[in-house]
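Written below as C-alpha cells is the structure these notes are about.
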Amino acid sequence: MALEDFVSFIVAQAIAGLASAASLFLIAVGLSIVFGVTRVVNFAHGSLYMLGAYIAYSLVAVMGDSFAGYLLALLLAAVAVGIIGGVIESTLLRRIYHAPELFQLLATFGVVLIVQDLTRTIWGPDDLFAPRMPGLDGAIDILGHAIPTYDLFLIGVAFAVLGGLWLLFRKTRFGVLLRAATEDRQMVSALGIDQRWLFTAAFVLGAALAGLGGALQMPRQAASLSMDLSIIVDAFVVVVIGGMGSIAGAFIAAVLISELLAFGLVIFPQITLVLIFLVMAVTLVLKPSGLFGRPEFLTAEDVRNPDPPLQPSDAIAKAGWRVLLAWGLVAPFVLGEFSTVILTEIAILALFAASLHFLIWGGGLITFGHAAYFGLGAYGAGLAVFHLSAGMAPALLLAPVAGALGALLFGWFCVRLTGIYMAMLTLAFAQIAWSIAFQWIEFTGGDNGILGVWPSAWASDPTVFYYLAFLVCAAMIWALRHVMFSPFGYTLRGTRDSALRSSAIGVDVMRHRWLAFTLAGAAAGVSGGFFAFAKGSVFPEVLFVSTSVDGLVMVLLGGMQSMAGPILGAIAYTEIQTELNRVTDLWQLVLGVFIVALVVVLPRGLAGLSALLVRRRTS
Amino acid sequence: MSVLTVTDLAKAYGGVRAVDGVSFAVEAGERVALIGPNGAGKTTLFNAIHGQVQPDAGRVMVRGAETTGQAPHRVWRHGVGRTFQITATFMSMTVLENVQVALASYHRSALGLGQALRHRYRDEALALIAQVGLRDAANRAVSELAYGDLKRLELAVALTNAPALLLMDEPTAGMAGDGRGEMMKLVDRLVADVGVAVLFTEHDMDVVFGHADRVIVLDRGRIIASGAPDVVRADKGVRAVYLGTYDDGAVVT
Amino acid sequence: MSPSALRLVGIDAYYGPAQALFGLDLEVPTGSVTVLLGRNGAGKSTTMKAIMGLVALGQGEIEVGGESITGWPAYRVNRVGVGYVPEERRVFAGLSVMENLLVGMHDPDVPSQARWTHERVFDLFPPLAALRDRLAGQLSGGEQQMLTIARTLMGNPGIILLDEPSEGLAPVIVQQIVTTVKTLSAQGMTVLLSEQNVRFAAQVADRAVVIERGKALLAGSMTEISNDERVRDAYLTP
C-alpha cells in the first residue's frame, strides 16, 4: 500500500470511529451524569436510547421532509425521552435510592423489559429504517475516500453537545449544583439545596441525551429491539474506563473504544473484543475507578440491617428438604412423562440460581454476569461434543472446568472492585463472552449455535436424563450449602460483613473472594453443561445478560436469606414463565412490572414471602 | 527484643506530611498511649503500622521481623491484633462464630471445606469469650449486642492469634462513662495475664493518664514528647498544643 | 434573657452502632456567641451534625426559634436559617471560588440591604476577591476556611455553626477569623462554634458549654467557665 493510500485509510477509519463515538458519548455521558448525582446505575439508560430512535423514526415520518424538519424531529425525540425519563425518576427511582445496589440494578432492568415490550407493541417487531437526512445524504471526498456527510454531522453534534455540556456545567447555577452534588451531596444539602429536584433534573438531562443519541442513529442504522442492551453494555465499558461521573472521561473513553473498534475491525477483526477487554482490564488494574473517576467511598459494610446468623436446619427445615427431595424423585410419575422436560429445566436452573445465591448472599459479591459461567459450561460441553466427538460423561465433566476457568480469569479482575463497579464489570465480561460466542462462527457456530448435543444412549430417555440431572444438581446444591457452613464459607461471609475485620484477622480478602467466584463458576458450569444436553443444543443466548437476570430474579423471588430460596425461586420462576408464555405475548412486560413491584414493594420482605412458601409446601 | 520498633516512618498525602519521621519502640507488656490533636497523624501512623497504608519511608519491625508495607493480613501473622475506633465485627454472626472465624484463620483452615465451622475451635473460642466477660452472650447475634459488648468482642477476636501487640484505636470511643473504666480494666488485666503489649490512641485523658505506662504525643506528624504520664503532663510543649489549653493564662485573665 | 435561637434537649446521636451523644442539652441564646469546649472526640462536631440532621438521632428534641426541627433533612434545617461550616471545610474542590459561593446562595427571605452578596462577602474576606476564579481545591487552608464561611453566609443564615474554625490554621489567619466572628456577631448573627483552642474561644465567645463524652458538663458565661476549677479538674486530673 502506498503511503498516501495508507494515510487516507487511516483518516477515513478515524472519522468513521469518531462518528460512532458520537452516540456512544451521548449515552455514556448521560449515564455518568445520572450516576454522579444520584449514585444509581441506570440499566434502562439503553432503553431510553432505543426510545429516542423509535420516537425519532415516527416524527421523521411526519416532519422529516426538509433538513430543518428532520432536525426538529431529532430534537423533539430527545425532549420526549427527557420527559419519559422524568416520569421514570419521579415514580420509580425515587423509591429505590436507599435500596441496595443490586436491587437498583434489577429494578431498572425491570424497566428495560417493560420498555422492550411496549416498544414492540407500538412499533412492531421488525427493524425500522428511517430515510436519510435531507441535505446530509451524500458523501464528500476526503483524501480519496468517500466520507458520508452525516458522519461529519454526527461528529459536529458530539462536539456541540460536549461544548453545550461544558457551558451548562460551567456557566449555569444548575450545572454548578450538579458538579457540587457529584463531589459532596451532603454538603450541598446542608447549604439548603433540596436534592429531590436536583436528582430529577439530572435524570431528565441524562435521559434527553440518551434520547438524542438514539435519534441521531436513525439515519445510520435501523431502529431495532436489540439496540437497548447492546448500547448499555458499551456504555458501561465506557464509563468503567472513563470513570463514573466524569464528562471528560466519558468522551475520551467513547473515542478510545470507537476508534479501537473502527481500526480493530479492519486490521484484526478476530481480536477486536479482546483488545477492548485488555484496555478495560489494564485500566481497572491501574486505576480501579477509571481514568477520571474518583475512588468510591467504602460504604459496602451494611451495619443497619444485618442478616441473622446462619442456622443449621431445624426439624421443620429438615422435613422441608426431605419433602423437596422426595417430590423431585416422584414428580415424573405423579405429573406424567410430559412434565420431565420442565422438571429437568427446574433442577438445572435451581443449581444455577444456587451458585449465584452463594456469591451474592454468601459473599456479598454483586454479579450481573453470572450467565458467563453457565454459558461457558454449556459451550464447554457442546464444543466437546461437536469438535472432539466427546461422549456425554466427559463433556459434562468438562463443563465445570470451563466455568471455573472463565471465573478464574474474569474473577481475578472482578474481585478487585466492589459494589456497582463489580456489577458492571461482571456484566461486561459476560457480554464479551457472548460476543465471542456470537462472532467466532468457525468455532462456536455463531448465531446458528451448536446442534446435536444429545445425551448418551443410556440417558437418552427423558426420565433417565431427568434423574441424572436432578441427582447431580441436588448433590451440587447440597455441596454449596455445606460450603456455606464450612470455615471457607464463614470466612467468606466474614469478608462480606466486614472486609476490614477480615484482613485484620489474617484473611486475604481478595484471594478468598476470587476462590469463591471460581467455585460458583464451576457450579454454574455444571448446570450449563446439563442445560446443553437438556436442550440438545447451545446458542449464544445462554451467555446473554437476560440469562444472568433470570438467575437474579429467581434468587430474589425465592428470598435472599434462605438456602431454599434459589430452589423455590427456580420453581416459581420457571412455572410463571411457562404459564405467561402460554397466555400472553407480553411476558417481558409482565415480568418487568413484576420485578419492579418486587423491588419497590418487597425490598426486604422477600424472605418472609418465601418463608410463607416454605410453610405452604411443607405442610 | 522490642515488640514493635518504628524507625523514621513517614507518609505524605499530596504534600501534607501526615507522619513525618516518627521513631519509637514498644516493649513487651507495655501500655503505650498515642495522643495528639486532630490531624496530628495518629490514624495514619496506626494504619502504616498495621499495613493499611504504605509508608513513604522508614521501617516497621514486629518482634524483630520486618513488616514494613505488608498488607494487614500478613502483619497479623506476625502477632498483631487490632481493634477499631468504630467496631468492625461480623454482624451477621453470633459472638462465638466471630471468634471461630478468627481462629480458623489463625489455624490456617480458612479455606477448609470440610467439617462445619460451628464444630471447630469451640472450646478455644469460648475460653477467649470468657476472658473478655462475654460468656453469657456467646450464642447471641452480634447485631443484638450493646456497643460496649461489641468492643469486648473485638478484643476477643484480636486475641485469637495470641498477639504480642494489640493496636487499639480509641478503645473507649462511643461508650458511656462507666463502660470506659470497665473496658480499660479489662485491657489492664489482659496485659497482666498474657503479657501482651498495647499501643492505643485515646481522647479521654482519664483513660490515658490512668492506664498508660508511657505516653507519646504527636503533633503535625512528629513526636513532640514521650515518656511517663506525669512527665508528659508537665511538658510545656504538650500543654501548648494539646493538653494545656484549658489552664492557659489567656482563659483565666 | 433573650429567647433561645437554638435548643437541644436530651439528644442521643449515633454513628452506626457507636453512640456519640448521650442526652446532650444545649441552649444558644439569640444574638450570643456560644462556644462548645471539649477535646476532640468529646462530641462537639457530632452536636453540630445532629443539629443539621447529618447523623442518626435517637431520643431528643431540637428546636430553632421555638420550632421543632428534629429529624429534618439538612436542606430544610438550612432553610430555617441555620448555616453550617463543617470541620474539614469541605469546599467543593473542583469548583471555583465564585461557584462555591453560587452553591451556597439561595433566594433570601431577607430585606435586600441585609442580604449577603459576593461584594459583601469579599468585603468581609478581601483575599477571596482576588481568588474568585481559582479552584477551591488549590486554595490554602486559611483561604478555604474563609471560603467555607463565605459560602454559608450566601444563604443568609440567622444562626451560624462553625465547627473548629481555627483548626490547623496559622495564628495570623486565626486572628482574621476572630475578627470575622466578631463582625458577624455585631451584625446580629447568632454564632455557635466549637473549639479546642480556648485562647481563640475566649476572644470571641460570651457563653461556653463544656462537652465531655457526649454530654454537656457545664454551661455558663465564658468568664464563669474559665474560672471554674472543675474545668481544669475534668481534663487534667485522672
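We call the chains A, B and C, going by the order they appear; numbering starts again at 1 in every chain.
We take it that a residue touches a chain if its C-beta (ideal position, glycine included) is under 8 Å from a C-beta of that chain, and two chains touch if they have at least 3 such contacts.
Only a predicted model underlies this, so the values are computations on that prediction, with no experimental measurement involved.
Asker: Name the most central chain, where centre means the mean of Cα atoms.
Answerer: A
Asker: Would you say A-C or A-B is joined by more C-beta pairs in contact?
Answerer: Higher contact count goes to A-B.
Asker: How many angstrom between the C-alpha centroids of chain C and chain B?
Answerer: 32
Asker: Can you compute the centre-to-centre distance for chain A and chain B, using the mean CA position of each chain? Integer Å is fine.
Answerer: 43
Asker: Using mean CA coordinates as chain centres, what's the gap between chain A and chain C in Å?
Answerer: The mean C-alpha positions of chain A and chain C differ by 46 Å.
Asker: Scan chain A for residues touching two or more other chains and write them down.
Answerer: Residues 303 of chain A touch two or more partner chains.
Asker: Among the residues of chain C, which ones contact at least 2 other chains?
Answerer: 16-17, in rising order.
Asker: In their complex, what parts of chain B are in touch with chain C?
Answerer: Spelled out, the residues of chain B in touch with chain C are 37-39, 86-87, 147, 150, 170, 173-177, 180, 203-206, 209-210, 233, 243, 245-248, 250-252.
Asker: Sort out for me which residues of chain B touch chain A in the complex.
Answerer: Residue list for chain B touching chain A: 50, 52, 71-74, 76-77, 81-82, 84, 88-94, 97, 100-102, 104-106, 109-118, 120, 141-143, 157-158, 160-161.
Asker: If you look only at chain C, which of its residues touch chain A in the complex?
Answerer: 16-17, 52, 54, 73-75, 77-79, 84, 86, 90, 92-95, 99-100, 102-104, 106, 151-152, 155
Asker: Considering the complex alone, what residue numbers of chain A touch chain B?
Answerer: Residues of chain A touching chain B: 301-303, 306-310, 312, 482-483, 485-491, 493-494, 496-498, 500-509, 512, 515.
Asker: Could you list, by residue number, the parts of chain C that touch chain B in their complex?
Answerer: Residues in contact with chain B: 15-20, 22, 37, 39-42, 164, 167-168, 196-199, 202, 213-214, 226-227, 231-232, 235-236, 238.
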